[in-house]
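Going by the order they are written in, the chains are A, B and C; count residues from 1 in each one.
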Amino acid sequence: MSADSTGRSGVASGTKPVLSVKDLCVDYYTDAGRLRACDNVSFNLYPGQRLGLVGESGSGKSTIALALMRMIKPPGRISGGRVMVGDDDLTAMSDNEMRSARMRLIGMVPQAAMSALNPVIRIRAQIQDVLQVHEPNLTYSQVQARIIEVLEAVELRPEVANLYPHELSGGMKQRVCIAIAVALRPKVIIADEPTSALDVIVQRQVMETIGRLQREMNIAVVLIGHDMGLMAQFVDHLAVMYAGKLAEIGPTPTLFAKPNHPYTHMLISSLPTLGQKGVFRGIPGITPSLLALPTGCYFRTRCPYVMDVCSSEAPTQVAFDGGHVASCHLSSVPGGLTGRVEAERDAEARLNPANAEKGTGEAGPNKTGGFS
Amino acid sequence: MTALLELRNCSKVYKSGFFSPKVTVALDDFSLTIDEANPTITAVVGESGSGKSTLGSLLMGFIGPSSGQVFYRGKDMTTLSGAERWQFRQDVQAIFQDPFAAYNPFYTVDHVLTVPIRKFGLARNKEEAREKMGEALRKVGLRPEEILGRYPHQLSGGQRQRIIVARAMLLKPKIIVADEPVSMVDASLRATILESIYTLHKELGVSVLYITHDLTTAYHVSNQIVVLYKGSVMEGGEVSNVVKQPQHPYTRLLIDSIPWPDVSLQWGKEPVIKDDGSSPTTTTGCKFASRCPHVMPKCREVAPTFFEVNSQQASACYLSESSPALAKSDLQRVLNKA
Amino acid sequence: MKGFLNYVRRNPNLGIGFLMFAILFVFCTIGYFRYDLAKAAYPLAAPANKPPSWQYPLGTDSQGRELYAVIVAGTFLTLRIGVTAGLIGLATGTVLGFIAAYFRGWVDVVIKSLVDILLTIPGLMVLIIIASATKQAMSITLLALIIASLAWMGPTRSIRAQVLSLRERPFLQAARLSGMNSIEIIFLELMPNLLPYLAASLVGSVTGGIFASIGLEAFGLGAMREPTLGMTIYWVIYYSALLKGMWWWAMAPVSVIIIIFVGLFSLGAGLDELANPRTRRVL
């Protein structure tokens, strides 16, 4: 795959993963009982790779972000599994060791830049804090030089250091957060919906900056979000979360071209494109409560291709070519998901030939009715 | 025929600071007409600071214009009688951006439905009110028994937003101002909510002003579109024309920045030029000049008027100068053809 | 009750506050039944200068008051001054703060300027002047009113800020679109959301009221005949009790004052957290 505007590129496989998550479980203990917000999630991230973590709210994607930073607070806790950054096992570290590993090994770009920055402290001091805590041996002039360096890295003028957060625009604040996240040159950056509060043009600029830094510093990025469009533009691997479990993971082009989990398929086709005007394909129903999960496959209550086996057995992970893994019973059915989707599209075409002609070749499983 | 609601050459100027006030033009010479007989969905697209929310507040009567006039059924808003104001209150409703903030956290979600029923006398008794609430909720795909009696924080964002749509259905207004109704809702749920807004328009003949920064959803929902930048209209017209053949460099930049869910369609054909601040909202020139890749000297002096690119599309850019010129207040003529 | 205990575990301040007042309540109830307060808390009720003993648990003072009885009566009187002054101050402040913030415009300018000007004047000095001028007719109620006269600016300012922050919230726009008028919006939409905040502010105002009353009384500007906690401290100073080795005389009012302030402070911090749960989530 060729490099594009955000600099996404192929990944050299065979190297050692920089971030390795194995059977990660996070539980929250509430008055109503224990709920598992992250259920046996495993994935590897290689140097220079960009992984997208998508899901609806409540799918556990932000829980994973917090768990990777070891920032899960009571009543929640990491109840199993391992998180390795290079050779360091984050889950085995003491709180003190973790404090020094945070930002140094693994940085975070938060969702709300507004509340992540201290409103009464100048930008300079906020970056300085991070540098001094983690690298106490730096001299004053070295610290100042580093501050200017990281600000320039995120395309901000050095004078920004003298401003307060409220004097910056939303995009600039997010850039400051990125500067803080990369100030110690971590191996991995977790970006939790970094652009959800920004306009499209600013979003594109900020993502281009994250992409450029990722390439220049060879950092691995985990981008968390719910916008499949942004994922298509930015990440090279995609993990789809549903109700705390990993539904599907694989290279982005493969997932978009041939998803093997109905949820992935519906997420992609729920987004409007310039194809059929006025056809919306929402995903009906709501995410099940983590306290009252259905038996078998968690997605069966909303799945248009539900089968008998789905309510009795939870699907296991099935591996396809090229590191593509999905947990769906359809994988063991001849033709799989693709077969079902095509059959449905043919049926739709017979019923309504005019509509099918206009189609983008991506007829969704649940047509919610065309209007224009 | 008098229009239901008309903005005529409306501007809104904000001043901040006491001694040397910093002047911001939030909305600049804006005209728009909403007919009762011919309900439409108009998308107003712009980034933050484009004046799109100011426009929403003007239409809902929360603020008045600094200059220009707002007419409701042919009468200037400032001269409405008490009864006419009350009628206006019922006719113009809203769907809010943040589906959580629209609820008073102190009350159950029933509050947003029961209060207007009581205030506007929509039901004779409690049973009828309950029935109507249930009916409206079912229409937007919710089960009343799962919704009524709950507190806002106990429901999901999608559910909260659908209740607000149900509220609008219940009140049967003539105009709905939907200010970023899906920007804070999960992408997978957006389609369902937009669809219920569309149903509202189709079934009840409600005109919708769809305020958004997202051109894709605007393209799918609306008939006509107005692109705002720093308070001024850059381009307007029939939505497919504008989105598929954008004429104004700003519209092109917006469309080029949409993250399409398609791996083969990549970002970045149009370069993004950073705003150097040389075109403040008070400029007499084109407000997009400081970021425009095609900027010409005259752009910085006099702002271009509209040029009628085709019968259904007008662009405020000298690049379209060869097309016939159109007065600012005549944009509606182009929009009406959509 | 179980829910409350669970909550206190997360918000220990609230628990400490309640505990302090429970201790005080038990202590005063015992005293209330043991003594005839109308007599024992006033001079010549007992032999003078007795250290604590079984008969006089907290000792007696130089004028023959029984200190246990003085503390019981004094706690009640001092709390009454504080609560009266705090309530009046907060009520005035709430009304003015709501009017200023909700209607804005010139009303806001007038109220805000008045508050800002009055806040620059040193409060205790003004109180001392007023209290000295009215010294002859001083009573518990008058003292409360004098303190209240300068206790409304803080609440006005903070309530105004709270309402201003709520004012732009979309749910108020929704209420207007639902046809509610200003009065309904203030009382049915805004007020309920400020209840926890008002409770926290009330604790603050009461604390301020008690503090001011003790201060004035220690200067000898209180109601001379009443055995309030502040007046007791005045007598301790007047008779140089500590120089004479009468430690028990000073210890009794000072301990109770500490319990009251620690209790109020914890209660205030606890309610503050209840009103503003964001302080809980520190990154």
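The rule is short, and it goes like this: contacts are C-beta pairs under 8 Å (C-beta built on N, C-alpha and C of every residue); 3 or more make two chains touch, one makes a residue touch a chain.
All values reported here derive from a predicted model rather than from experimental measurement.
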Interface with the most contact pairs, given as the two chains involved: A-B
Chain whose average C-alpha position is farthest from chain A's own: C
Intercentroid distance (Cα basis), chain C paired with chain B, Å: 51
Centre distance in Å when chain A and chain B are each reduced to the mean of their C-alpha atoms: 30
Chain B to chain C touching residues, read off their complex: 60, 62, 86, 89-90, 92-94, 96-98, 101-107, 112, 115-116, 119-120
Of chain A, residues touching chain B in the complex: 4-6, 56-58, 170, 199-205, 208, 226-234, 252-253, 256-257, 266-268, 270-274, 277-284, 286-287, 368-369, 371
Complex contact set, residues of chain C against chain B: 169-171, 173-180, 189, 192-193
Touching residues on chain B, where the partner in the complex is chain A: 47-48, 141, 156-159, 186-195, 198, 202, 213-217, 219-221, 240, 243-244, 253-254, 257-263, 266-268, 272
